[in-house]
Each structure stands twice: as structure tokens, then as C-alpha cells.
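Each of the next two complexes has chain A plus one other chain: chain B in the first, chain C in the second.
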Partner chain A sequence: MFENILNAVAAGLIIGCLYGLMCIGLGLIFGIMKVVNFAQGEFLMLGMYISVYLVAGFAALGIFGPLVGPFVAAILAGPVLFAGGALLHRFLISHVSGLSTAARLDQGGYGQLIVTLGISLILQNGGLILFGSTPKSVLTPLSARAFILGPFPGNALLFLNQARVYACGVAIVVAVVLWLVMERTTLGKALRAAADNPVAATYMGIDVDRAYRIAFGLGAAITAIAGGLMATYLTFTPFVGLDYVIIMYSGVVLGGMGSILGAFWGGLTVGFVQQVSALILPPQLQNAAIFVVFLLIVGLRPEGLFGRSAERA
Partner chain B sequence: MLEIRDLSVLYGGLRALQGVSLAVAAGQFVTVVGPNGAGKTTLFKAISGVVAAAGGTIAWDGAPLLTRPAAARAHLGIAHVPEGRQVFRTLTVRENLELGAYPGAGRAAFARTLERVHALFPILAERAGQLAGTLSGGEQQMLAIGRGLAAAPRLLMLDEPSMGLAPAVTETIFAAIAQVHKEDGLAILLVEQRVAEALELSDHGYVLETGRVVLDGPYQTLLADDRVRRSYLGLGES
Partner chain C sequence: MNTKIGRRGALAMTGAAALAGTARAAAAPKEVEIALLVPLSGPWAEQGILERAGAEMAVDDVNKAGGIKSLGGAKLKLLIFDTGATVETAKDAAQRMIAQHPHLVGGMGCWLSTFTLAATEVTERAKLPWLTLSYADAITDRGFHYVFQTSATAKTQAEQTVPFVMKLAQGATHKRPTKVAIVGDNTAASVSFLKPIKAHILKQEKLTAVVDEIYTPPLADATTLVQPIRAANPDFVLVLSTNDGDDKMLADTFSEYGIPASKMPLIGNGGHWAVPELLKTTGAGILQDIMVGMANWPSKALAPLVARYIKRSGNPWMGQNEIFAYAHVQILAWALNKAKVANRLNVADAIRTMNITDGPAIYFPGHHLQFTSIGRRVGAALVIIQWQSGKPVTIFPASAAQAKAIWPV
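Right after this comes the complex of A and B.
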């Protein structure tokens, strides 16, 4: 029993870090632009497929090898989705968000729902045409290897899937780099200013529309990197995004909207609950466990686990 | 430096400004007074570019300003301290000032302007690491002005800096505005409800009513005008 708990907790923390990174991507878009993006799950899916094809390409070229290649591919999915996300914002999202819609009654909210839902459907079905419906995964020998730690008390052994451990390490590094960019650089401060008060940001000379475009691109890129990393240990189809978009939203809301650290902890919490609940619940109910914990936390702390409340009483 | 001719702005079908002309020369202190809803804030927003002009021209250093995008205008040396302060509440005091210095001129001079801002409002140095949303109203106003100064602008536009503040705080703020005007030769365009104090500081004043300039002149002329004395200063006819 102890062995099971130990392994579930470890798996929860490792998967949680990947969910954390995935949630940061959505958190950027939701937190900075206040756009409800239904297509975020498809950005994850695209990250996975880009990884698959890049790994195949690396193998054909004989570079990076099967151990490092998948992680290079996951990272490279970032810039691809950054460009894609920025273009999507330029030609579609900017028409239903940002300063141009501030005067509308719903601030472009209805338009956003329809547009992002439409993008989501197009990407799912486009993915089906392009990638086919056969489940795929990134092939790396790491996913069949484990680090074995222990024995712990009671002769318990801890098995850590190597693909997951390395993916988790890369996810943490990417999250820390992004956090540093947001906290320390002029770009990061400009993005946060545009999130906080877009009109005042304009008075400072910040091009808010451009800031939103960068935020949308970054949000897509970060989730795609998470997707590429997750592709090393799971199989997926073009509809994989559906499973994860809900997890992403619960993570982001749990963490408190608008904070990168919060989104990460929120994702970590969700991943942890999902894995640990496997000890007592059948797999079909794992996502239900997420929502029970979600309701509990939101009921007790409506501002989220790490929500900043800067309002003066 | 700033030259507005016949500016009109439509706001939801209503004429918020009609044929407003106004000028600010380099180093000049100009005040706009008028009742609520006269269009003072709209005038500022039109200069900053967040509200579109329906007619007329604005020239900055002789070049047309209305064709420049809003975000480009801060980089030309126009700093806008908006009504209601509008500080970045979820960012620290220090980060707010850094964002004020977003335009190139501000970035280059940041060390010096930061020292200047801290000398004007020492409380901002004390609270550097605090979130701006946790400051009191007066401190937020100081931060908003400091943020404007951090841009190292050539024109500082202040929209009702005394709004909702205690008299003692208002005094500090007016003193600081007078100081940067006199010592740094910074041009000021001020919108105020506290007409007596505002006009006293200024070289030139405009009275705006229902979107039109009804009176303008040097402050002695305005202070002597019966309409101004009655409507804004609460004084009888002289």
C-alpha cells in the first residue's frame, strides 16, 4: 500500500509540473488579455504533433538521437506556435478582444466564445485530415525506462518513468525562464501593465495591441511546449485537446487568474489530485476528483490559491 | 509646441468638444477649468489619442499629431497623468515608475528622474516594493505624477490631480507641480476643479463649458472676470 501511495504522489508531482506549464500558457492569455480561449487544448495538440514530426525529421537527418531529440522537438514547437498564435491574434482574435472592443457592452465576450470555439473545431478536424485518426506518440526509449529509487521503509520501491522525469525537468526550466521574463524584463513589465490597465499602458507609450499579440503567441507557445513534452509519455489523437482544456481552466482558476506562479501551482495541484485519486477511484472518475477539489478550493478561497488581491478594503 | 485648432470630438453621437483651440508653448503652464462634463477629460484623451477626433487639427512641434497612433504619442514627449490616477495596481511602485520610463527619453534619464521623483515624493521611495493598489489615494496620485515625470516628457498633462484628496495632500501635489514647472522648465497642461489654486500657478487659462472654450487669457484676466469669479471662485461681483 505504502508503495502505491509513494508512487502515486511522485507521479502526481511530475505530471503536475507538466500540467503547470500547460496552465501557464492559458494563464497568459486569460490573465493578460481576459480572452476565454477554447482553442488552448488544440495548441497543446499541435505541440504534440509538431513534436512527432520533428522527431521523425531529426531521425531522418540523424541528429540529436532518440534521447535528446524529443525534448529539442518539444522546445521547437514553441516558436512555431508563437508565430501561429501571433498570426491568429492579428487576423482573428484582435477583432473580438482588446481596446477596440472595450466600448462594446460585452467587451467582445460573445465574439470571443464563438471565434475561439470555431478555431478549436477547425484545428481538431483539420488535424484529423492532416494527421489522421491513428493514435500517435513520440518514440523514445526513455518512456520504457524507469529510475528505481529505494527501498524505502516497508521495502517500498519508487519507479519514476524516465521520459516523464526529463519532461518535468524541462517544464520547470521553461516555467522559470518565462517567470524571469515576466518579472525582470521590460517586455514582461509592459505585458503586465497592458493586462492591468490597457488605457494607462497606452499613455505610457506601450502598444497594447502588440502586447496582446505577444501574449497570445507566448500563451500558445508555452502550452505547445507542454504538449510536446507530454507527447513523450502518452499517445494522442487530434481530439486530445478536449481532455486537457478543462484541466487547464481548472488549474488557471485554482491558481488565481493573472499570475504565472499561480497558474503553475494550480496546474500542479490538478495533476497531483488526478494522479493520487487513482489510488482509490477508477480511472473514469479521476477528472471528477479534480472538480470536487476544484469546488472545495473555489468555495473556500474564491480568489484562487495564489490570487493577488491588490484591492484596498 | 502643442497647438490645437478647431478640435471636435463626437462621443456616442454627442458633441463632446466643438471647435476647441488651445496652445501650450514650451515651458508654459496652461490650465483648463470648467464644470463637470465640459469635455476637459475628452480633450486630454484626444491629445493622447485614445479618443478619435471628428474634426480639427493638433500639431506637436509643428507636425500633425492626429495621424500618429496613441501609443506613439508618449514617445514624442507627451505624458498623460489620467483622471482617477490609473496606476498599475498589481505592479509595484517601482515597476510603475519603470513603466513610466518606457519611452526612450525616459529610459535614458531614468536614474536621474527616479532621484527627482523620490525627492518630490519621498513616500514613493519608502514604498518602492509595495503593490500600487495598496497605496492610499494621495500616494497613488503622487505615483501617477511620478510615473508621468519618469517619461522625461516635454509636456506633462495632469487631469484633476486633486480629485478626492485631502487638502494637505492637494497642497503637496500642487507644490510639486509648481516645482517641476519652475525648476525643470517643464510645460504643464492642467485640468482642475480647484480653480483658484490652479489659475494662480498658471501663465494662461482656458474656461471650457459644454465642449467649447468660452473664455481664455492670462490668469489675471480670468481672475478678474465676473463670470469666473461667480461660477468658479464663489465670489460676488467686484
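Right after this comes the complex of A and C.
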């Protein structure tokens, strides 16, 4: 039993880190810009496909190989989606968010729902046309290998899936770099100021529209990197985003709206609960367990785990 | 006898002849519509894509051979519909199919039993003859009149799989297995497969289920399913997943935990375990020795058909999904020929009363095609394949075996 607990906890933490990175992406868009983005799952999906094609490209060129290539590809999916996200914001999202909608009764909320839902459907079906519906996966032998630690008390062994361990490491590095950018750089300060009080930020000479564009691009990029990392052990189709978008929203709300750190911890909590709940509940109730914990936390602490204590990103 | 026909009579006869001609033209349309409703998006898409490949090839073969001869060479027209990834989208697609295509004479689908159960509620009301390879017993347990299940049902497959595995294990190890682990999803086919196992097969075979885990597909991670199996160390594992994404996740995790099929016998069920895409995403080494029970696999006698399919599709082999779809189109073509009219009720009657050993029957093990009063194929039995050196080969029944079964010792 100890071995079961040990492995479930470890799997929960590792998968939780990947969910955490995924949630940071949405945290930037939903938590900071207050844009309800239904297309976030599709950014994850695009990150997965970009990774697959980059890995195939690396293989054709004979560079990186199947051990390093998938992680390089996942990171490179970020800049691609950053550009895509920024363009999407420039031509569509900016019309239903930010300063231009501040005076509207709904602050652009209804428009956001329709526009992002539309983007989501276009990306899903465009993906179906472009990539086909055959499930894909990034090919790496790491997905079937484990680091074996132990024996621990009771002769328990701990198996850590190598693809997930490396993906988790990359996720933590990306999250830390983003946190440093937000906390220590002028760009980060501008983004936080634009998020806190867009009108005051404008008075201070910050181009709020540009700040939002960068935040949206970053949000798309971070989620795409998470997608690329998850593609090392998952198979996926153009509709994979639907499976994860609710997890992303729960993570962001659980962590506390407006907090980068909170979004990461929220995602980590979701992954942890999903795995550990299987120790006491039937596996088919794993996702139900997430929402029970979600309701409990939101009931006891409506502002989320880090809603007040964490510094606003 | 001298019969005089006046001008009026001649006109009447000409009119009658013209009407008769029109009636014949109406009875023998240029095209006859049949439907394929399968998952073409979502986790089960690969299965639908393969069914589509088989059905399209069959339609081309029928049309190239002169179409439906009793209907003046009418060509078959295959209309393809996507069930999507949920029961709701599958049922919606079935409703759209029926509403928008009133001239359909028959159809086939939906691969996943859960989808078939929903879609056939719609096709049955429309009295559309529906052929399915789906396994769940419930599909033909409902007293429907227009649903024809050509596969061995999940219960039949379960009752044949476990004794085969026990015999194989005993032959290889000289020891009777006593412990089994079960991991499966909660879709209709898996539930149907497990019902008789839990009800009587375990007891009958003196087996104890040391792990019994059911999950909701698709899997995000299989650690919590596989780790207890490693700890319990069963003699073999029944893996009842229903899509190749979950198959990969499970096979990878078994390998990660040091218990790949080459060390711990893994017995799957369903055509998804033997699709070319699984080989691409998972690799031959991980799949080696996995055994899979299913309802059909092209026999040696169908080698020319298989060769044509491989050339046409670019796929490395023809599996269960493709051969079933091919056979279903051939059954509809045979029934249309017999019915002599493009009418769904007559086509259903022709299928219901068929009892043949040639024509479309050659695409099934046993070469016999007849349906029971509830729409099950008479004598439908299990076929077992095993992954050997990166290829699925048949190991059961003995008459169709292409290779000897390997039991890890």
C-alpha cells in the first residue's frame, strides 16, 4: 500500500507541475486580463501539433534526436503561439477586451464569450482539416521508461516516468523564468500595472493595448509549451483541448484570480487530487474528485488559495 | 382471334407502357444510398477512419463489378457521417442522417458500442437496416428488428478468451493461473465483456481478480491503474480499453513499471489494439507479445483482397475494422440484389432471411452468414491476434492461426 501511495503522490506532483504551467497560461489571460478565453484548450492542442511536426523535422534533419528533440520542440512551440496569440489579440480580442470596452455595461464579457468560442471552434475544425483526426503523439522512448528509486520502507519502489520527469523539469524552469520576467523586468511591471489599473497605467505612459497584446501572446505561448511537453506521453487529436480547458479554469480559480503563482499551485493541486484520489476512489471518479475539492476550497476560501496572499502578477 | 384496337386503346396502351417504363426507372435508380456513421473525430477517430477505408474500397469494388445487377446496375453511393466524440453527438449525427437522407436503404456503424446503442435508437425508428461490428450484448438484447450484429458479442468473446488464455498459460508454464488483474474503461463493450467474467467465468476458471479497476476514457495517466497491478503480481492482465490513445498510455506504463507484455501477459480486446497508428505511436518493442481478442481478422484465403487494400490505402495490413466495413457493404449489396428494389424494408427482409456460405459470407470466420431472430450472426466467434515482431498475427482459432502463440515464461 505504501508503494501505491508513494507512486500516486509522485505522479500527482509531476502531472500537477504540467497542469500548473498550463494554468499559468490561462492565468495570464483570464486571471489578469479578465478575458474569458474558451480557445485556451486549442492553444494547448496547437502546442502539441507544433511539437510533433518540429520533432519530425528534427528527425529529418538529424538533429537533437528522440531524447532531447521533443523538449526543444515543446519550447519552440512557445514563440510560434506567442506570435499567433499576439496577432489574435490585435485583430479580434482587443475589440472585446481592455480599455475599449471599459465603458460598456458588460465590459466586453458577452463579446469575449462569442469571439473566443468562435476561435475555439475554428481552431478545432481547422485542426481537423489540417492535421486529420488520426491520434498523434511525439515519439520518444522516454515515455515508456522510468527512473526507479528505492527500495523505501516496505521494499517500496518509486517509478518516475522519464518523459514526465523531464517535462516537469522544463515546466518548472519556464514557470520560474516567467515569474522572474513578471517580477523583475520593466515589461513585467508594465503588464502588472496594466492588469491592476489600466486607466492609471495609461496615465503613467504605459501602452495598455500593447501590454494586453503581450500578455495574451504570453498566455498562449505558455499553454502551448505545456501542450508540447504533455505530447511526449499523451496521444491527442484536434479536440484534445476540450479535455483540459475545464482543468485549466479550475486551476486558475482554485489558485486565485490574478496570481501567476496561484495559477501554478492551482494546477498542481488539480493534478495532485486527480492522481491521489484514485487511491481511495474508483479511477472513473478521478475528475469528479477534482470538482469536489474545487467546491470545498472555493466554498471555504472564495478568493482561491492565493487570491490575496500572493502578490498580483 | 381478331382483336381491334382503336385509337383510344392504342393511346391507353402507349400511356400504360410509358408509365410502366417510369415505374421501372423509379424502381431501378442510378444510385443507391448507404450510410457509414463512425467516429471521425475524437479519441475513437482512428477506428472510424479505418472503417471508412474498408467501406470505400468495397463500394468501389461493387460499382466496378457492375453495381447492383437486379437494379439495372445501380451504383452504390456511400454517405459518410461523423459520430464525434460523445453519445450526444453520435445520436445527433444519426438524427441528421435520417432526416436529410430519406432514400437511404441501409447503413453501418458506429464502432464504439456506446455510440451504436444511441444511434440505433434512431435507425430502428426509421426502420433502416443497420449492420454493426460493435460488441456490446445490449445492442441486440433490446428486441430491435433492424439491427444486425455481425461480431461475436462481448459476452461470447469473454467466454472464449479466458479459457483460451488459461489453456495457453498451462501449456507454456505447466501451471494453472490463479490470479488475474482487470483494468478497463466504462464504455458499453468493456462493461459487457466484464459482466460474464465477474458473474461466472472467474469462478468457473478458479481465478481471483487481484486488481479490478475501471476508468473513464480518455486516460490522462495510467500510474494509479498499473502500479497496483505490479504490486499484486497477477498471472495475467485483462486490459479492456477502447481506443488506441489509452492503449498506448497503458502499454507505455506497463513497460515503465517493468512489466511489459513480454514479461507479464497482457490480454486486450478490440480492433483498436491492432491498428497501424498504434505501432507508430507506441513502437514494436512495447507492443511485443500483447494478445488481443476481437471479432474478425482477414483469413489467409483473403490474401488477394488484403494485398489490394494495402496497395490502395498505404496501410501495412488490413485489420478487423476494415474487413468488417468491407463485409458490411458487401452484405448490403447482396441484400439489394436479392430485394430487387431499393427499399430499406425489403433490404432488411433480405438480410433477416439470408443463409449463405458464399458471397459476403467469405469475409467472416466460418464462412457462414445467417442472423438469429434478434439480429446476431449465427456462429460468430472469437479471433485472437498477437503482436509479434511489429505485426499483429492470428493465433486463434487454430484453423486461422498464422503463428504460434507466445506466452512469456
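To be clear about the criterion, the second predicted complex is superposed on the first by the 306 of 313 C-alpha atoms of A that agree within 3 Å, B and C clash if a C-alpha of one lies under 4 Å from a C-alpha of the other, contacts with A are read in each partner's own complex, and residues count from 1 in each chain.
Just so it is clear, a residue touches a chain if its C-beta (ideal position, glycine included) is under 8 Å from a C-beta of that chain, and two chains touch if they have at least 3 such contacts.
Please read these numbers as outputs of a predicted model, since none were measured by experiment.
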{"item": "Which of chain B and chain C A:A56 touches, first, second, both or neither", "value": "neither"}
{"item": "First (chain B), second (chain C), both or neither touched by A:V298", "value": "neither"}
{"item": "Which of chain B and chain C A:K136 touches, first, second, both or neither", "value": "second"}
{"item": "Chain B versus chain C as contact partner of A:V199, first or second or both or neither", "value": "first"}
{"item": "Touching partner for A:L92 - first (chain B), second (chain C), both, neither", "value": "neither"}
{"item": "Larger contact residue set on chain A - chain B or chain C", "value": "C"}
{"item": "Residue numbers on chain A that touch chain B, as the complex places them", "value": "99, 186, 189-190, 192-193, 195-197, 199-208, 258, 308, 310-312"}
{"item": "Chain A-facing residues of chain C, complex", "value": "40-43, 45-46, 48-49, 85, 186, 213-216, 218, 220-221, 223-225, 227-228, 231, 243-245, 248-249, 251-253, 255-258, 260, 277, 280-283, 286"}
{"item": "Residues of chain B that touch chain A when the two form their complex", "value": "48-50, 69-75, 79-80, 82, 86-91, 95, 98-100, 102-103, 131-136, 147, 151"}
{"item": "Residues of chain A that touch chain C when the two form their complex", "value": "3-4, 7-8, 11, 15, 128, 133-137, 139, 141, 143-146, 148, 159, 161, 233-239, 242-243, 274-275, 278-279, 282-284, 286-287"}
